[in-house]
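First comes the structure, then the notes that go with it.
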Amino acid sequence: MEIELGSGKRGRRAYTFDDIAVVPTRRTRSAEDVSTTWSIDAFTFDTPVIGAPMDSVVSPATAISLGRMGALGVLDLEGLWTRYEDPEPILEEIASLPAESATQRMQALYAEPIKAELITQRIAEIRDAGVVTAGALSPQRTQEFYETVVNAGVDLFVIRGNTVSAEHVSSQAEPLNLKQFIYDLDVPVIVGGAGTHRAALHLMRTGAAGVLVGFGGGAASTTRAALGVHTPMATAVADVAGARRAYLEESDGRYVHVIADGGIGTSGDLVKAIAMGADAVMLGVSLARATDAPGRGCHWGAEAHHPTLPRGRRVNVDQVATMQEILSGPASTTDGTTNLIGALRKSMATTGYSDLKEFQRVDVVVTPYE
Amino acid sequence: MEIELGSGKRGRRAYTFDDIAVVPTRRTRSAEDVSTTWSIDAFTFDTPVIGAPMDSVVSPATAISLGRMGALGVLDLEGLWTRYEDPEPILEEIASLPAESATQRMQALYAEPIKAELITQRIAEIRDAGVVTAGALSPQRTQEFYETVVNAGVDLFVIRGNTVSAEHVSSQAEPLNLKQFIYDLDVPVIVGGAGTHRAALHLMRTGAAGVLVGFGGGAASTTRAALGVHTPMATAVADVAGARRAYLEESDGRYVHVIADGGIGTSGDLVKAIAMGADAVMLGVSLARATDAPGRGCHWGAEAHHPTLPRGRRVNVDQVATMQEILSGPASTTDGTTNLIGALRKSMATTGYSDLKEFQRVDVVVTPYE
Amino acid sequence: MEIELGSGKRGRRAYTFDDIAVVPTRRTRSAEDVSTTWSIDAFTFDTPVIGAPMDSVVSPATAISLGRMGALGVLDLEGLWTRYEDPEPILEEIASLPAESATQRMQALYAEPIKAELITQRIAEIRDAGVVTAGALSPQRTQEFYETVVNAGVDLFVIRGNTVSAEHVSSQAEPLNLKQFIYDLDVPVIVGGAGTHRAALHLMRTGAAGVLVGFGGGAASTTRAALGVHTPMATAVADVAGARRAYLEESDGRYVHVIADGGIGTSGDLVKAIAMGADAVMLGVSLARATDAPGRGCHWGAEAHHPTLPRGRRVNVDQVATMQEILSGPASTTDGTTNLIGALRKSMATTGYSDLKEFQRVDVVVTPYE
Amino acid sequence: MEIELGSGKRGRRAYTFDDIAVVPTRRTRSAEDVSTTWSIDAFTFDTPVIGAPMDSVVSPATAISLGRMGALGVLDLEGLWTRYEDPEPILEEIASLPAESATQRMQALYAEPIKAELITQRIAEIRDAGVVTAGALSPQRTQEFYETVVNAGVDLFVIRGNTVSAEHVSSQAEPLNLKQFIYDLDVPVIVGGAGTHRAALHLMRTGAAGVLVGFGGGAASTTRAALGVHTPMATAVADVAGARRAYLEESDGRYVHVIADGGIGTSGDLVKAIAMGADAVMLGVSLARATDAPGRGCHWGAEAHHPTLPRGRRVNVDQVATMQEILSGPASTTDGTTNLIGALRKSMATTGYSDLKEFQRVDVVVTPYE
């Protein structure tokens, strides 16, 4: 699979979701006989769907809704909800910014400091609703805030950055020792993104319960143009699934969950993520399209307001349906933006698989979109 | 041909009609010396063309016209003609719906129940005209209505779904036992879609006279975006043709017809379908472009009005010529939308082949459209 | 190079000019030291450029101009100049037809019969100007008119069709026996199109002085959409050049010229045609862009007015410069539409080659346009 | 890597920056621990950035600014600054020319002769500001003006053409003997463009301190359309880096710098150039986007005003930020047009590398932009 790009430089051909498609083979199955249940640690969900920790996707209210719909919403603990007592007017303002000045205004709005007491308050709000509670920090802020987060009572702790490695080198600050950190913590940790077999294997060895694959925020991200860095998701998911298998063996049976995070804009992409080996998917833009999403028809990630090197945009998205309809239908759109789980179920039925774990073995073909 | 997509996940490269082209080699032949005759079971047609069972393509009237032009029209027995005493106003309404509300209104219109007596009546109308009579049911409805269909006197019975397998698994209803069903039936059965060698081989073993390749409705389908499922047609036809050869051997000589169903929008696509090994083609959009097609400038498949998971659209198509001109010319357009059989004949002449069976061996090259 | 497209069907990957590029390697050379001379039979030209026998490209007047500029203009002897005493008003009308009715009106205009005496008259006009005189017939009309053509005194005789084979089979008319025909004729014959090694080798064995590669009329052709037939030019030229080498050996030294005919829209394409092994190029659209071309800003081939199966269009082209400026500059456009020979000369200089025969060996890379 | 394009003609698959992406693997690093220092000969720069010798990019004033920002500006000694006493009104006029007449007017403006005394004066102006001073000539003019240039006191001498070879053949003038020329000169020479291993190796053997890879002016160039010549940059940089390694060995340790020149429109492209093996990059369009660039929102190269064969255009570019912000931020755009060095630093940190030399070994994947 290595290609010679020029004298002495080689690289693998890597594939995006658009490059592949699932193919039915022999058997078919009734859609009612298909299970989309996903379990991680002590928690079981009706759907393998995680709302991404992005201000346009998950607020405390949507985290609660998602929980009640059988999914998991992860609150960004470095977003507007922990910077502002009342972020609704800020969300309103962001949604109404003209495109040309959005980046600069958002850089200013996110310069407001994070408040520990707001972290506590937001987590409490979700936990009190009785759903599985999860919050995310970046690796840079984890040292500073993790005790607040854990004391506030999260069920799952997410450490999410563009690229998170098990071995961060810094001459200036003592970097987060992930392995020690996870060992000391009582709650299961999901960590990422990672995009290769080796990077993921190292993250698995830190004791993480799950690994995020990809860099997130695909729809609103300009990382490829800005940094030249890109992880084609189909190959990345398969690679990390390979690392899961390798680690299962070396650890005598510890199963680390593979969560595709980025590049999933349609139900077709969700299907392909599982087909390539993911256990679950973290959705950004797909949920930001909800009429009841906090983004109000806009979507952005943390890269969009980086103070000196923004690598993403506030993008406008079509508001296609309620979050419930996006997740489980009924659909009245036909382009894969609504009834994601209905579509997954139908794909599994069409190819004869009965649960997600089996469906990871489905046949795929390489056939780029024209 | 298998490609490593990531650690442990492999897939074949699969090709669409747009990826390939037919190439002339040594000999040429006069177009008058070329035969486009196609025979299946006891029936012989001047052209290898089947009108797809879609409401925008085949009504009782167009089934009769197609028969008289040397083609076969298959009526959808779950469409408007078996739900409504007089579907013409409904067809008129569908053609005039604004794009944004078309899906929802069609979901409502197709909620009207199917009436067995209308099945009987429509089939009788076609049969009385003296042409070969064919009707289609989905696998889900076959148990319920097949006796009505057979008693009404069809010559060919079509079971057509997005994916039809010889082995359907259901915990709730006793699935259709295709093999027993076909064995019991007096009329030849054409069944599909199938997209792979294995799926097709199993369908052939049920006793089917023909196998539909593909998922139909390509022009109006959003299956790839919604389900992540896609069958690139050039590879699929070649694979199923391979299954035909394998089955011919294992059955000591039973020849099962391979019918390309989907992705054929121009005469060039029709040519390529035969070149990849198809015996005949089932046409949707190509015939929906007729000024006398029932769709009145619109085209849609059954996926477009699925109650909870629509995976297709009512699309607008150019009305380019009469159905007769589309089939056999003369053409006054130059883009492959008219005189399909004239174009097939010319391609066969240019490459020196004299009948369809020979033309299946023509040379092709891989050369994607830019 | 063969690819498995599906079970049992294989095809080669074939390349267009857009897929490749010429690369400089070690040496460079002054552009003044480069020769673009081309000789075929007893005739020598300053440039390897042939004006295609198309009514939008070559009239008697442009044939004469091209001859004086060091190129060769071939008159279509089945075009308007041999159907009408005065074709100028017809050319004027064609250029002013609205797009939607152009095909139908051209079918009518070209229904006018060809007159033998006009063939004689047009050829005399060109010959009397003292330039090399060439005319083209289709294989279908060659029997009927070749004596008129030869008696009128052509220097080079061109037989040009979409696909011309050495072995045409017909049950109804005695086909043209190319080998006997060429043997009996006194003038050298250029024949084609051919697109493969085998087809070209057979044409070479008929005694042809040159073989046309491709199907001509690329810019205005819809052959791929209509017939599914396509010959990617870079591969086709290389293949026919391979046949030239093979035939040189089997014939103990007869060199048959390879003339790329189709797909050459810019000077870059012309350069690539020679780089892939062509001795000369036949230009359609590139010359139709001349302000003094007979097409008056329009371009079309014989396929555009086929009575029952038109496979081309009258297309509008930008009128960029005079024919002299298009051929040899100076250029004031920068997109490869003017100073074709200046560009060829510069490419040869940049890569260090001094004549066309040497330049056929230049290095190329595969690098598709994005 | 060689592909058979047709019988007997083979070519390598070559890759552009758009075809590849950098992938993080295991380690990450703090951006503060990353060095982007580049040293060539006796000169050390904070950034590996060279302003291209193009009138839209480098004037004496911008050469001085770039020097103060830790980069190197190279003045085109055959541009407007050495033809006109006061080129500002000319630059103003060029920026205001309508697109359709720009090429012709520029051909006229650049017909003004080059004055030796202006070369001296411009170089003095830059040198007097205390920054590293560099000027460029084409190979054609080097004989005529190099003494003026050297006497004026440049620190680095650049010989830059579309294709520069170590072995130029001419029957009319004694060509520049690069080896002797460089040997005789006191200042280090950077020479190019070259696009292949072999061409670059020969240039290295002339004693050059650096080799330019590519043909420059990618954004405004139409060389591929006009000449059929193209050097996909990712492969070209890797090939020339391979030549550097080979030459290091054969010369017992002389390290020749590889400078990517062309095709770098974003910070992502800059990152990829280093990743493929470049030591530094020469930027055109990226710097022409500065509000304080001399091009005033326009960009062009020397090819744009060639008197008889222009192969480039004056293109309009967005004026996105000051040159300082483009180089080192802070960025308020997100598309890779500002804070180029911040992005490079972030990419190096994300992949765990600490200096440019190490970063040349980073993993890349092949994944074409859709």
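Annotations for the structure displayed:
First chain written, first letter: the chains are A, B, C and D, and each begins at residue 1.
Convention: a contact is a pair of C-beta atoms (placed from the backbone, for glycine too) under 8 Å apart; a residue touches a chain by one contact, two chains touch by 3 or more.
Remember, predicted model here, so these are calculated numbers, not experimental data.
Number of steps on the shortest path from chain B to chain D, with steps defined by chain touch: 2. At the chain B-chain C interface, residue numbers used by both copies make up under half of all numbers present, so the two copies contact each other through mostly different positions.
Matching the C-alpha atoms of chain C with those of chain D calls for a turn of 90 degrees, to the nearest 5.
Mean C-alpha position of chain A lies 40 Å from that of chain D. Taking the mean of the C-alpha atoms as each chain's centre, chain A and chain C sit 57 Å apart. In chain C, the positions touching at least two other chains are 13-15, 235, 369. Counting only pairs that meet the touch rule, the chains in contact are A-B, A-D, B-C, C-D.
Considering their complex, residues 1, 13-15, 17, 20-30, 32-33, 197, 234-239, 241-243, 245, 266-272, 275-277, 329-336, 339, 342-343, 346-347, 350-352, 363-367, 369-370 of chain C touch chain D. Of all the residues in chain C, the ones that touch chain B in their complex are 3-9, 11-16, 18, 103-104, 107, 162-173, 175, 194-196, 198-199, 202, 222, 224-232, 235, 303-304, 307-313, 368-369.
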